[in-house]
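Two complexes come next, and they have one chain in common, subunit A, joined by subunit B in the first and subunit C in the second.
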Partner chain A sequence: MLAAVGPPAARRPDPQRYAMAKQQQTVLERQYSRLGLLLIAPTVLVFCAVIAYPLVSAIYLSLFKIFTPTLEGTWVGLDNYRTLLVKGEFWTSLRANLIWTVGTLTLQIIFGVGMALVLHQNIWFRSLARSLILFPYFISTVVAVLVWKWLFNDLYGILNHLMISAGLIDWPIDYLGTMPNAMISVILVGAWKYFPFVVIAVLARLQSIPDQLYEAARIDGAGPIARFFDVTLPQLREVLVVIIMLRAIWDFKEFDLIFLLTGGGPVTSTQTLPLVVYKEAFALNQMGMAAAYAVIMMLIMLVFMILYMRRTQREDT
Partner chain B sequence: MKNPSMISKGISRRGALQGLVATTAVAAMPMRASAQDVTLRWWSPQGAPAQVDAYMAQIAAFEAANPGIKVVFETTSDEGYAPQLAAAFSSGEVPDIVTHLPSFAIQSYYANGLVEPFNDVIEAIGADDYYPGANDVFKAADGNYVGTGIGNSAANMLWLRKDLMAEAGISDAPRTWDALRSACQAMQKNGIYGAPLPYGRNSMTTLIFVGVIHQAGGQVFDTDLNVALDNQATRDALEFYASMRELCPPGATNYSWGEAITAFVSGATATGIYTGRVLGNVNAQNPPIADSVTCVTYPTKSAEIPAWTFNDFPSVFIPKQSNNIGAAKAFAASLFNPDGYIQQLHAAPGHVLPVLKSINNNPAYQSNDIIQKYPAEVELMSQAAAGGFNLGYESANHPSNDKAGEVVGSGVIADMVQRVVLNGENADQVIGETTAAIDSIMNG
Partner chain C sequence: MADVVLSNVHKKFGTFTAVEDLNLDIQQGEFISLLGPSGCGKTTTLRMLAGLEFPTSGEIRIGDRVVNDVPPGDRDIAMVFQSYALYPHMSVGQNIAYPLKKRRVPKTERAGMVAKTAEMLQLTPLLHRKPKELSGGQQQRVALGRALVRDPKVFLLDEPLSNLDAKLRGYMRAELIELHQRLGRTMVYVTHDQLEAMTMSDRIAVMEGGKLQQFAPPQEVYRAPANRFVASFIGTPGMNIVDGSLHEDAGRWTFTAPGFSVDAGQLGPDARPGPAAMGIRPEGLTIGSGPIQGITQLVEQTGHENITVVRLEDGLRMTGRTAPDRLWRTGEPVQLSIDARQAHFFAEGPTGKRLNRDVCTMDAPGSNGTSLKEATS
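== the complex of A and B ==
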């Protein structure tokens, strides 16, 4: 029996010394744990200050009716949530939000992966092209929107001018003031602005795929398309998961680009939830209602995150 | 050559800390010194380069006369001032003086205890020097003045090209909607559109359409401030606005103030709708049409309905949370000193019109090239603006509406225009829903 097996008596530690060592170890452990707490305290404090406090604060604000300029309010409980859920504006904005997010994210992934594949090839001016491709991502959104508004302009815009000159249209196209043009334009500009992020991430992953995999595929007779779907895409899966997750969150809460391009119009066709939050908080001066919208937005993103993480976990297992 | 280890040995931890403390103390010294001075922050949405130059001259004159007071000018925008001020008020980081905001915005702030009464500043400027009734729009329910006008503006003047009218065989400026439509139809050719009316989801569409409702003989609120939209006048206004859509550029669906003035000044539209800023811009940016430009008050549904001019009553006011109210009031009064005030008005001649009789009669003000070139137009705008109204003050019989700023900010009136004109929704239903939405804001 294992219990009967023990060290020889000569090697057995002195119980007193053993107890002292044990006590010293306990003291040391306590000191280490205190030090550990001390060391992680700044992180915990920063976490509380920048994440926990605003989150709790937003939830707390959402239970009040608050006049923004004075921040004076009255307790309304869940009334703000009840009101917004029965409001058509919430559902139309959520719909616009989802169309925008899915549309622009899809295009970002397609353009981003495509461009990364091109820039991965041994082409002329590759370094220059890799630098220039980042330009839309680094440019200020305000500047980008101004440029696009000029391109879209009905009277002086180059797009309308070229299309009229080419005889494709007789009258200028109203890109931002009618549907579905406005939504399509916003989605396209969003894709143009943010696809370089996908390019950077995918290009980095492409450079680390072993050449042997492609060689083996070639030996097996795989053509370029088969190599892309059977080698490249599976290798990109993990990085694409991260990109889609991050960009979905960022696109879902995108504000400045849409606000500056269309202001949410025509009517509320491109009005996403962040624009409603802004309108409630600063145009209608209803900070409590704005906080309620923001909390609902967070919950929606949380649901997507959980579903997405569960799915990826299931695929991993 | 120095030995790096000697350098590192020469700086002890205590020494480094002492150095850090000494550096911090030195860095703090100028801050303490400057804290003894007063710095005033001045916000305005009117930030054209010439106007900013005029403001700088006014600031320089005030600073020279008041050593120890510094004024910093910061630009806001017509579409952005409301959120910026809401954030400023809620954070307590307010500007010390704000100019050129519409009167209805201040009434709303004053009603919530955010604005300092302005009575003493008006007295300092000279209450008798104002045109009669010029400050009525700034009178609050408690009898105090919430601010004062820094100028008048006639924001919905109809601008016309006499050369295009002559080509189209139009002899008289349109007085009614029918005449305007016919004129625009006749002049819309060769790549030139009839009018640049705004159909965007913005405050310009709201403010211009409020004027159109009045031009149809209607009003948004009755004299008890109940919503009074649901009537034939609003339906007529929507019908007129919809009928003008085909006479406006395709992109008018997104037009605000900037696009509207550019369309007329560049020659892309035969008529325009704007303040007197058109005069300066045409002369600077498109001189070939400068001699052909004129303006009239915007037409109404029928000749029996009087013109209704939208005057936002560009204002001056002082937030109550300012730490330098005394200095801010002194600076506010100094903005009306003749030299600086005239320079400011000349920066956009005809755009912001004087509220003081002594300034309008001052030869220095009248000597401006633009004012001399277009005396009839400037005089007409002055008269129209003096008798003008806005959503916060719809008529002389209306009390001040301190919710007007929120109604404009909500965009419900612009939404109503877009839903009926662009989406073709049923006007009765949309008017009903808009009435309910405004009611909700009024009672909110």
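== the complex of A and C ==
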């Protein structure tokens, strides 16, 4: 009896009346849209000034060969892009950039979700731990990196000291001056610095999962692991999508942490694209080439974002 | 055979006692309602049965084992939550199949069981939808399906119909009754809706303030309420309850209230002279003739009868039922009589014990004639 609530019997609209109703509606709609335009005008203006103009200007600059100190340039068309794409530096930097992004993001997600699950439990130091966990995220990058550089130092760093006294190693490790140590260190510091963001976002979501879902799962015979995969994780999916998207973009364009920690070294092994942009613009004084790099970076992120959004949209339907 | 037994169960949250010394003996295949006002401990009791909450003291048995330390998944129970608690990312079919999956029922068997359950609940066309694409009533049925697919020993239902509209609720009520008859499984049903409890249950456990007030078949709860609380809680419109006092004269009792007195006849052994209360259901009042004088204060016309509220001389209000063909106007003087055979007498206090001698005298004239003794056995 319940299942069969069919669609209402199709009524043929009286064409004349229908047209009239439509006309009335558009008058009202026009009024609304005029008001709407007025209301969003300030935002649009600000958007144009701080986003659209720099973007267009960067694309424009990338078509010139510009000497940074004088900002004088000559039109070269797509030459910058052509040079860039055949240069080995672009591809090695892109590779370093991807390794850094994927590595640090993966660790951020694993640490972040794990820590959020721990902090979601009823442990006695919970509120203290929740505030302490934010510490790496709020501390300034310069300060954090300086501290880490001291810890990592191969001559007097505490890390080597501890490992030697524990008998784990016989000889100090050069954390930042050799590969792959330098990349691993950068990835770890990045994970340490940014995982609190994941913790906060995931914890907020965890707290809004209804207890009854867990109770229903317990009655249905699900153990703790099954409850994590069948209740917690699906509920976290949406927030993880957002976190991954945001953090992927932010990590991809991370500059100060890597620049301060290794300066892109040893040689160029941790030199990610943002560091190349900086080098081209201010060390090699090639503003046009720097702009070309920046535009390419933007395109890469755009491709990722589109792929990602497609994927999540398909999953949703 | 007793199927579910709670013995001396207490539940405290900190210093607050949510359930106090609860004893329930539920027979195999019985449909039991836990009925009571909000906050009386119904859900807490059900959750203790489910294993989601642990009794502070006391023992819970399901079948032939003590389940105090048995986790919910191993208790052979199924529960329908008030909020349905469907897994939002799973389709209807996956939701229903989930308990089977977790109990390692082979995939091939599972499909057949899900299909059968879906058929029974008319969910077959919806099997591929997600819960958020369903109406409240449909979600309700999915929640039921998730419980039914497994054929557990005991069903626990926490106000499963409270989110539905009146029509759907009536329909689902009938469905549940039929389902219970078909499956013959023990069901424990939490509700604060007395109509649901009265129409569906074999027995009703009326609770108040964490304490069991009465555990009896619906008719007995209605006709022989154990105390003043049960009397006033059950029945719409509610029982008229008048404070007064009892006097004894050679084995015959008289109840005196300001303005009138009623011959109470013989009362049970607990009756004491002094302050007491009398309860009389609206159908025990005759409006239009009698020794008591009053003024009509309010008339509610429900269609097949009128609910008439009469104010007595000293402000006391009595509610009665009158035939729809005689409509009293507000303010009109009216006479009133009380059928002493249908009166209940209670000791002092909000949960004062009922003092009448036995349940059989409560057979109201015009009832179907089965004595309550027969009905209970």
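Keep this in mind: the second predicted complex is superposed on the first by the 281 of 317 C-alpha atoms of A that agree within 3 Å, B and C clash if a C-alpha of one lies under 4 Å from a C-alpha of the other, contacts with A are read in each partner's own complex, and residues count from 1 in each chain.
Methods note: a contact is a pair of C-beta atoms (placed from the backbone, for glycine too) under 8 Å apart; a residue touches a chain by one contact, two chains touch by 3 or more.
Predicted model only: the values in this text are computed from it and were never measured.
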item	value
Subunit A as common anchor, with subunit B and subunit C clashing or fitting	fit
Touched partner set for A:R218, first subunit B, second subunit C, both or neither	second
Partner chain(s) touched by A:F67 [first = subunit B, second = subunit C, both, neither]	first
First, second, both or neither for A:T141, with subunit B first and subunit C second	neither
Which superposed partner A:T92 touches (first subunit B, second subunit C, both, neither)	neither
Partner chain(s) touched by A:P234 [first = subunit B, second = subunit C, both, neither]	second
Contacts of A:W171 with subunit B and subunit C, given as first, second, both or neither	first
Smallest separation in angstrom, by C-alpha atoms, between subunit B and subunit C in the superposition	44
Set of subunit A residues, in rising order, touched by both subunit B and subunit C	none
Residues of subunit B that touch subunit A when the two form their complex	82-83, 85-87, 89-90, 109, 112-114, 199-202, 249-254, 263, 266, 268, 406, 409-411, 415, 418-419, 422-423, 441, 444
Complex interface listing, subunit A residues touching subunit C	1-3, 210, 212-213, 215-223, 226, 230-231, 234-235, 237
Complex interface listing, subunit A residues touching subunit B	67-71, 152-156, 171-178, 262-268, 278-279, 281-287
Touch list for subunit C against partner subunit A, complex	50-52, 71-74, 77-79, 81, 83, 85-89, 98-99, 102-103, 122-123, 125-126, 137-138, 141, 146, 168, 171
